[in-house]
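Chain IDs A, B, C and D follow the sequence of writing; residue 1 opens each chain.
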Amino acid sequence: MSMHPPSTRAAPQLDVQAIRQQFPILGERVHDRPLVFLDSAASAQKPNAVIDSMANTMRHQYANIHRGLHWMSERTTEAYEGVRDLVADFLNAPSREEIVFTRNSTEAINLVAHSFGALLRPGQAVLVSQMEHHANLVPWQMLRERAGIELRIAPITDAGDLDMDAYSALLADGKVALVAMTHMSNVLGTITPARQIADLAHAAGAQVLFDGSQSVVHHKTDVQALGADFYTFTGHKLYGPTGIGVLWARRDLLERMPPFLGGGDMISTVTFEHATWANIPHKFEAGTPAIVETIGLGAAIEWVSKIGFDAIAAHEADLTAHALERLVGVPGLNIVGSPRVRGGVGSFTMADVHPHDIATLLDRNGIAIRAGHHCAEPLMRRLGLSATARASFGIYTQKEEIDVLADTLVRIRDFFV
Amino acid sequence: MSMHPPSTRAAPQLDVQAIRQQFPILGERVHDRPLVFLDSAASAQKPNAVIDSMANTMRHQYANIHRGLHWMSERTTEAYEGVRDLVADFLNAPSREEIVFTRNSTEAINLVAHSFGALLRPGQAVLVSQMEHHANLVPWQMLRERAGIELRIAPITDAGDLDMDAYSALLADGKVALVAMTHMSNVLGTITPARQIADLAHAAGAQVLFDGSQSVVHHKTDVQALGADFYTFTGHKLYGPTGIGVLWARRDLLERMPPFLGGGDMISTVTFEHATWANIPHKFEAGTPAIVETIGLGAAIEWVSKIGFDAIAAHEADLTAHALERLVGVPGLNIVGSPRVRGGVGSFTMADVHPHDIATLLDRNGIAIRAGHHCAEPLMRRLGLSATARASFGIYTQKEEIDVLADTLVRIRDFFV
Amino acid sequence: MTTITAERDALYDRLIVERARAPLYAGRLDEPDLQGDGRNPLCGDKTHLDIALNGHHIRDIRHQTRGCAICTAAADLMVEHVRGGTVAQAVEMSERFRAMLVGPSPVVEGQSAPLGALEVFAPLRSHKARIRCAELPWIALKEAFSHVDG
Amino acid sequence: MTTITAERDALYDRLIVERARAPLYAGRLDEPDLQGDGRNPLCGDKTHLDIALNGHHIRDIRHQTRGCAICTAAADLMVEHVRGGTVAQAVEMSERFRAMLVGPSPVVEGQSAPLGALEVFAPLRSHKARIRCAELPWIALKEAFSHVDG
């Protein structure tokens, strides 16, 4: 199993201790044990840079944005719109106007399902994979009900990779208008071959949306290099605030799409009879946005960028390799899937111990992991499982924490068997 | 002009100085002058209680909610769901399950326009007033395009009150399925006679939505006493965070309405073929919510409730009376509207000085007000104006600030005439 | 080892682990008078109950459970406790069990009728997300009883 | 008074206030060769331009503006500055005006061709929300010129 991205030059070292100092929550104790937080894939913890940027905004420079003519409003507007530049840069988007702020990935995908979906007609299809998070499945099911389109499911291999032959076959009849696919599985850790997926989709006349909720956290994202048409991610997994997510889409698509939500700030003019829409991206941002959270997202992106994805990816590859090695040694433990390229997320099961019992017993030892279907029920069914335990690693994860996990799993197994 | 609510007993006094101490931003200077913030109707400033509750959540007790089995997740879930109880209490809602968290008022109204709107059929009508914020007009225009319903506009009087006779007449044919009306105008300050509006609507077979974005800030809200069927408000105007709003709706309505956004947390089970929905309110909350912001909203509600709406309403009535008195004395100044009952928001124009010039010159003196159409273009047209200047008062506003406003307006007029 | 079996999991009492590993009342009845199902889509836990009545008495009862240790043990211990009693007694026990887990304040010992071995689940109070595991068999029981009368 | 008229509003130069109160070039032309409109829906500001050409020269030009002081004065001073020049000169001036307001760095005096009285608008740089007020007449001019050629 190789790690992503394959690093040719020596990757810069991450000073994990110095990083941990910036996360106050990592000093907390749980059930009288030091917190071992291995649930970052559900939501990451926040560094002081993010917390302080939000608090300081509210303390020193805050007002509603865009419509205000006064100093506080102008400065806050600058801060908010400045984050659009940061995000465009972060994704290597061609233009800042292609960045739309949403609440989270889920809303970003729903926005596309509504607004791009409004352009689709019966006879056209949307194609997703078997390993989607519900956020990238349910909106398309709902669109199917609304618009009478077809929903196709690309299968995965037993190893947890997209079955590329089957994928190609599903594109063959040219009816697929949109491929909506995860860029990294939140259950298996699989990093999908985005460029290849996009090329095949484009050759078949389809647009491509990548759900980057998991993947933007672990390596550098370049929407142009990936050949994406839509890309979504969510702030709270990127060490940023809750309540803020991002949709990037190609300008011409955004311009063709009707607006999603109606209200203030998304209009150009309104009469009782009729409204005309503002230019992109504002057409898609109705009402007072999550101003402070957007500014906090900017702080998160700056913070992550300063550390750099070379160092982050190398650190996480290191952790993942260590985890696979240690977990394989736990009696009765089975790692779910062995994708070709994987990020710092992995699921496992244990003979004779239900994932919920694993999670609770780990928690009693201060170790936070997830157990359940991870909002990917259809994938669970595909895998023949009802639930898995999942450990996920972040920028602040230490090898020692993985050792504590492995040791505790051994004890849990003993307890039950 | 009377104030709302008519206070019979002696209202408790507000210690404005002590309150101001809790808002760090009020100590800021703008253009070398102390900040005089008279733009709370656009968005209010935040007390330490709110800022600290958000920062402390991120510092000490944070994880994703609902699906987690570990301590951090369970505690964060409790904090988040605890706010649902607080909000239910705040609105005197019959049940916590009737509280849906959204990004803001705008999204709350759009949710109703989509999900309740999905139950409407051509031939049915939605009725709004001439003084709606775009947030309560554009979503209904968009529904009209989607669903072929009719949109009716209830006129207002020159004083800025809802024309009750015309309103009744518009209900007479029984085709109106929903009345969607502001509970307080963000331009005129008008507090609408909600109970009467609701009674007339119900008698005509319609449901009623009140846009409480402005009104919840100024006096105690009781959705049952108002006879509301839907009620919306937005956290950032209530001294709370951005990125969080509330929809309250009657349980049976929420149960009948299809979901709005699809994704994690809003489902009961998902297969590739089909999804079934979670119970209310979760059916309407897709994806990771604005967790920290919801907790911050809880802090805002607790903070406001501790001060109490008797004291707040009395303070604001006092300020409004003082402002009307002082502004009437400014040469060339015209106060827009004279509604029967008004809250602490008022618009004005000045002969020979454009509202934008007023706003900029006030800003140069440290005074923040709004100028423009206030996201209520159709109302502007009704009033025969292209823009107004608007001053709005909050819990932290002092009479002295109104004096500074009035004095500076006199000087601005002199400058231009 | 000690850290697992000692105070650290009052939550996983020996009894729970034993019953999860080797339930005493697992299986089906040939001709049940009542049947009930409980399902937790969150984790895929399932329990099925077969009940044989004798008038208002629960003459026999068996469960078939696929779930975590808490769910399986809860099913087995529930069956043990309601077996031989009346439907009304089972309903009342269900209410007390629920009160123990989610009632306004922890049940004070000796104040209400004791729940016997079922009290091993009391520490779940502070693990809200796991309470539904212990409740699942009781939900199935309620469903089975919903067919009584009528 | 002093606080208003002094440094506090470099922004509202005397010239701006005078031209807003009594514009010198307000009005319409009888038979304009070009017309252009600018509209800011945010505040309802409107400006209309009538232009009479003589070859590539702007022989005459008038504006009709309903707007704030900055918009009105900007229209009047723009008209004054482009009148008599060529279309190309006006376009170039428009670019320098824009650079003064939103260019990467404040225009250094003497570095590019001076904008003369139009420089009274330079302090708008730090009032982003008002820049469109000063730009509105230039947007109308651009619209008018878009009909040139072809």
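Just so it is clear, a residue touches a chain if its C-beta (ideal position, glycine included) is under 8 Å from a C-beta of that chain, and two chains touch if they have at least 3 such contacts.
Quick caveat, the model's predicted, so the values are computed rather than measured.
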Seminar exercise, completed: Chain-touch separation of subunit C and subunit D, in steps, is 2
For this session: Please work out the Cα centroid separation of subunit B and subunit C, and write it as a whole number of Å.
Result: 47
For this session: With chain centres taken as the means of their Cα atoms, state the distance from subunit A to subunit B in Å.
Result: 32
Problem set entry | Centroid distance [mean C-alpha coordinates] between subunit C and subunit A, Å | 39
For this session: List, in ascending order, every residue of subunit C touching at least 2 other chains.
Result: 41-42, 127, 130
Exercise. Using the touch rule from the top of the page, what residues of subunit B touch 2 or more other chains?
Worked result: 31, 67-69, 73, 269, 356, 360, 371-372, 377
Problem set entry | Pairs of chains found to touch, sorted by chain label | A-B, A-C, A-D, B-C, B-D
Exercise. Mind pulling up the subunit B residues that touch subunit D in the complex?
Worked result: 31, 352-357, 360-361, 364-365, 371-373, 377, 380, 385-387, 408, 411-412, 414-416
Exercise. Any idea which subunit D residues touch subunit A in the complex?
Worked result: 41-42, 127-130
For this session: Show which residues of subunit A lie in contact with subunit D when the two form their complex.
Result: 67-69, 73-74, 77-78, 268-269
Exercise. Given the complex with subunit A, which residues does subunit C contribute to the contact?
Worked result: 1, 3-5, 8-9, 11-12, 17, 20-21, 41-45, 66-70, 127, 130, 133
Problem set entry | subunit A residues touching subunit B - in the complex, by the definition given at the top | 24-25, 28, 30-31, 35, 37, 39, 42-43, 45-46, 50-52, 54-55, 58-64, 67-73, 103-107, 109-110, 113, 130, 133-135, 137-139, 141-142, 151, 153, 234, 236, 241-244, 259, 261-267, 269-272, 274-275, 286-293, 356, 359-360, 362-363, 367-372, 374-375, 377-378, 381
